[in-house]
């Protein structure tokens, strides 16, 4: 995106809109329990909000929100949250992803499962968001490399 | 052929047609981007197929609704294909992303995305 | 190459037509994947999910429960697929820092 | 804890460390390689222990999340899966030791994503091997495929094009596979392999089930480069970086062959299927054609890696031939050939990598006698692997072909026997072409060359460093060991894998 | 006497391994030729001693057996020093000693390159040859047969001239194809009969097969071993392989490789199919005609060759078929004659090749037409040559006479006048192509060779020893190594009759 195409209306609108999109994304992630939604969808929305900023205010300034170099590490972190949840249950004597072994007291078996689902949805959304942004960043990078 | 059969199967035929369109795009188009578009059509029609087989007449989305009374599988459509397709969609997106990355890399090196020109320039 | 593609397409189309002749009608509630028991007597997953999802994971959204709990491993794989795509783009496109 | 989670261990190890590499690598890029190596090193004893347990106590199943199949996903470690897991881990370990230098020469600044993708590729492979669920297999297939596309794309100038072609055809393959699962799911309501094996006999006559099988087999055929669905392979393997092709060529197509075995012999009943659609026969005939085609094409290649790639097409033909015979001996031969070919091809691609690192090319026409003096050990490994490819005793290649021939005779398929043997001879031609180049004076004007050669010219050694040489030699030496141990393997391990339907 | 009893022993394995073990030793002492040659000689001596230690028990039909691990379900890698195996092993390992000495003189005399590779391959070849000799079943046999094929290749191409490389290709093309056919035949045998164990008198399970199956199987086996046995039309590699250094030709193309071929023919005839099966389907007739025509044709071709080594090669082709002929006669004397000819031809042909090599090293001559008067310059060499060539023509008292005599007896036993006449004619032909060489060497005058003398003692002594051995074996066929007794025993086992 060349800076000459920057338009104040676009910038303002997108900066205003972005938090709301992110809020909605959080809603989608957490509402996945009760209706359509979940980590992927929410993650995609989060990515959309960041990409919108990338497109409107330019890469440099939008990097304040999400750095380019964060893409893959945060993606790996998201996947790690997922795998770590499974690993945790495994280490606590259950099987991989057997959520009722999660170390949370006072929760019924079903609630533990519900919590586990929430945990991994968060992981998934992080991973999806970060990777989608990373793919965009890599694709938008100017010619070079070879 | 009975009307009922046609009515029950026309969706499959449409999906088959879409699958063929996608496959044709992947195999026969000379433009690499069009191949990728073909791939997307192909994968989307597979997703359509799964969604189609999940449907059940007189059933609703697989979110338990207390209004429907006791839980009876006949009331809800099959959730499994939907779940599978969530995965397949993501896979499709990921593949497309990788495809575009490759296309960019090809375009940077050869300056074209047309297969014939590309083959000439690769020599 | 183009001729071979066409032949492949025709064969593929014929196969799809042949297959569709045996598929249960669209929305047929009696399709094998919608039943409670399979032909071999084993429980069919879909019906089990509908019956037990809410009790198992305290969530009315069956798809979410299947996605993240019953078939959570698939979803882990799917997340990894996304990550893989990201890494591939990194590998192919990103310039050295 | 290790006991209880046996089937999960190897894929999970790869997965976790693959995720750790980008996390740690963002600060310490140098950690990427040690982490990757740690993963494969840790996975070998796990895989070995898994194989041991499976042989001693029978298949081990693991229900993920505690949900019994067919509700949940099930991992099944049976002799076939655990054996191939061990093969994958051992070969990948050797290749990875070798890769350190190659990768640091060929793409020094991409270590983090490179090794992470390598581990993801291996995680995909091992996941495919251990899963007992058709759709879960698809997911792991996609992980390994995507990682494979990416790894192929960094190599020489043409590699993105090869990778793109690989991607398109690979997507067709996985798409077909997915569609096939769909058809079978509609008719059975199950995705679990063991469950399906019980359900399918009741519904085998339904058109969608048969079409589903055909679609799946076609898709897998594309992934494993079964002739005539091989056309992505030569470009992909020859233009990828040496480290990548040494990893993909021995393992990638073998995992495809594993899926074919799993679906055709364990989920379906081959004898019952054969009465309705002659899939096994078609595979066998196509493979036979593939053996000849691959060998002839290899004969025409002027570049070592490309020749090896075409030779892979031929060798996959051997595996397909053994499977298509659909009898125990042919099956034994095919499984043994999966193992042997993994070792042979790994050794050969490592030699090609050594050549590229030290000589800068691997064109057959530009090789000459000096190589045998400069790199005596690498060239010795080349000779041993070539002998094995040809199928000469006591190398491993002889024994897999021996079982394949026995299988062909057991089924009275004389054409196949002839093809297997003829393929060996063609192998001999194209490998001796290379060996002659490397060991004998160049033909043109060689009479005066021979005269001038009277004085032994002193050639400085250009042998590769130990970290590259050792894996090459271990693989080549392994071929001799595997040859002598083949009967032990067949009796103690492969015998247990033979599917009940054969 | 007919029943073979076995006892476990590691000696057959050791006999094979001793030369294989010398390969790395030869390799690491590449820079110290004397030490390297010492290893060769040590291995050769040890090998011969080990084989010789197996002789006494073989003479009383007790075979040492090494049963190693399984190589295919139901089939062990088994080595068994039965009389036939010991017979062949004795010849090969005994002559290796002579050849080793000779080789040292030869390669040093010519300042050959790649001497290390040469000696290492040679040692490996001998290991494989003994493996062929001691193999107790077909699979073991084929494995060593193929190792022999491969380890001979570096020797064939040793000179690295275009001719040598072309010869190497031809050699591989023939032998690898044959190996493939052999593997197929073996696999078919295993499937049809369930066993690959060699059995004197043939596998009994073959009787259940249909005639067509037996005929096809036999054809495949004959083609498989016939290449190394140089039965026409599968002989073309042998004259080409004469591009190799002369000691290689001497040992490998007169003893180890080609004799492995005829050994294989004998194994197939006597221990796989058995006389009964062969004569029932008339297969021995086929062999008779093949061998007979090979003898005559090869002798005629030998006439037209001016190159000494190539003439010897064609002579080898002919004489190998004597052995095949003996096997095909399926009569006691025929078998004994054929077997004895394995030993006798080996000693005589090795002399001839040694002579050719000595001439080449000293006078750099390869063509017969250039040898006028060389007998004066190299009297010992050419004297031995004369002796051996007379022996090959069947003139008593050299050992060639003994085997031909028994072959003739065998022909009479089998009632085949045609074979007898072939033997007679070929004897004349043999004389016809050898005598002119001797005549030229001793009676034509030429000044060319005035300046040269005998070759080095490294070469002349083994040469004379071999010639002496030939003469002694002719006079006393059963002396030293009991070749005659062994041959009798083998024939008795194969024919399942007792021979006085």
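Brief remarks on what is shown
Letters A, B, C, D and E mark the chains as written, and numbering starts fresh at 1 in each.
By our rule, a residue touches a chain if its C-beta (ideal position, glycine included) is under 8 Å from a C-beta of that chain, and two chains touch if they have at least 3 such contacts.
Not measured: the values here are computed from a predicted model.
The chains that touch chain D as well as chain E do not exist here; no chain meets both. Ranked by distance of CA centroids from chain C, the top chain is E. Using mean Cα coordinates as chain centres, the one most removed from chain B is E. Chain-level centrality, scored on Cα centres against the all-protein Cα centre, points to D.
Chain centres here are Cα means. That of chain A falls 24 Å from that of chain B.
Annotation: 68 Å between the Cα-based centres of chain C and chain E.
With centres taken as mean Cα positions, chain E sits 79 Å from chain A. Centroids built from CA atoms put chain E at 70 Å from chain B. Residues of chain D found to touch two or more other chains are 15, 19, 22, 64-65, 112-113, 116, 135, 139, 142, 146, 149-150, 153, 157, 160, 185-186, 191. Each of residues 16, 20-21, 23-24, 31, 33-34, 45-46, 49, 60-61, 63, 67, 69, 71-78, 80-90, 92-94, 96-97 in chain C touches at least two other chains. Of all residues in chain B, those touching 2 or more other chains are 19, 23, 27, 53, 63, 80-81, 84, 86-87, 90-91, 94-95, 97-98, 101-102, 104-105, 109, listed in ascending order. Of all possible chain pairings, those that touch are A-B, A-C, A-D, B-C, B-D, C-D, D-E.
Interface residues of chain D facing chain C in the complex, by the touch rule stated above, are 15, 18-19, 22, 64-65, 67, 70-73, 109-110, 112-114, 116-117, 120, 123, 127, 135-136, 139-140, 142-143, 146-147, 149-151, 153-154, 160, 183, 185-191, 195, 198-199, 202-203, 206-212, 214-215.
On chain C, the positions that touch chain A within their shared complex are 55-61, 63-65, 67-69, 72-73, 75-76, 78-80, 82-83, 85-87, 89-90, 92-97. In the complex of the two chains, the chain A residues touching chain C come out as 32-40, 69, 71-72, 75-76, 78-79, 82-83, 86, 96-97, 99, 108, 110-111, 113-114, 116-117, 120-121, 123-124, 127-128, 130-132, 134-135, 138-139, 141, 144-145.
Those residues of chain D that touch chain E in the shared complex are 387, 390, 392-394, 398-399, 401-403, 405-406, 408-410, 417-418, 421-422, 424-425, 428, 432, 436, 440-441, 443, 446-447, 450, 453-454, 456, 484, 486-488, 490-491.
Interface residues of chain A, counted against chain B in their complex, comprise 34-36, 38, 40, 128, 135, 138-139, 143, 145-146.
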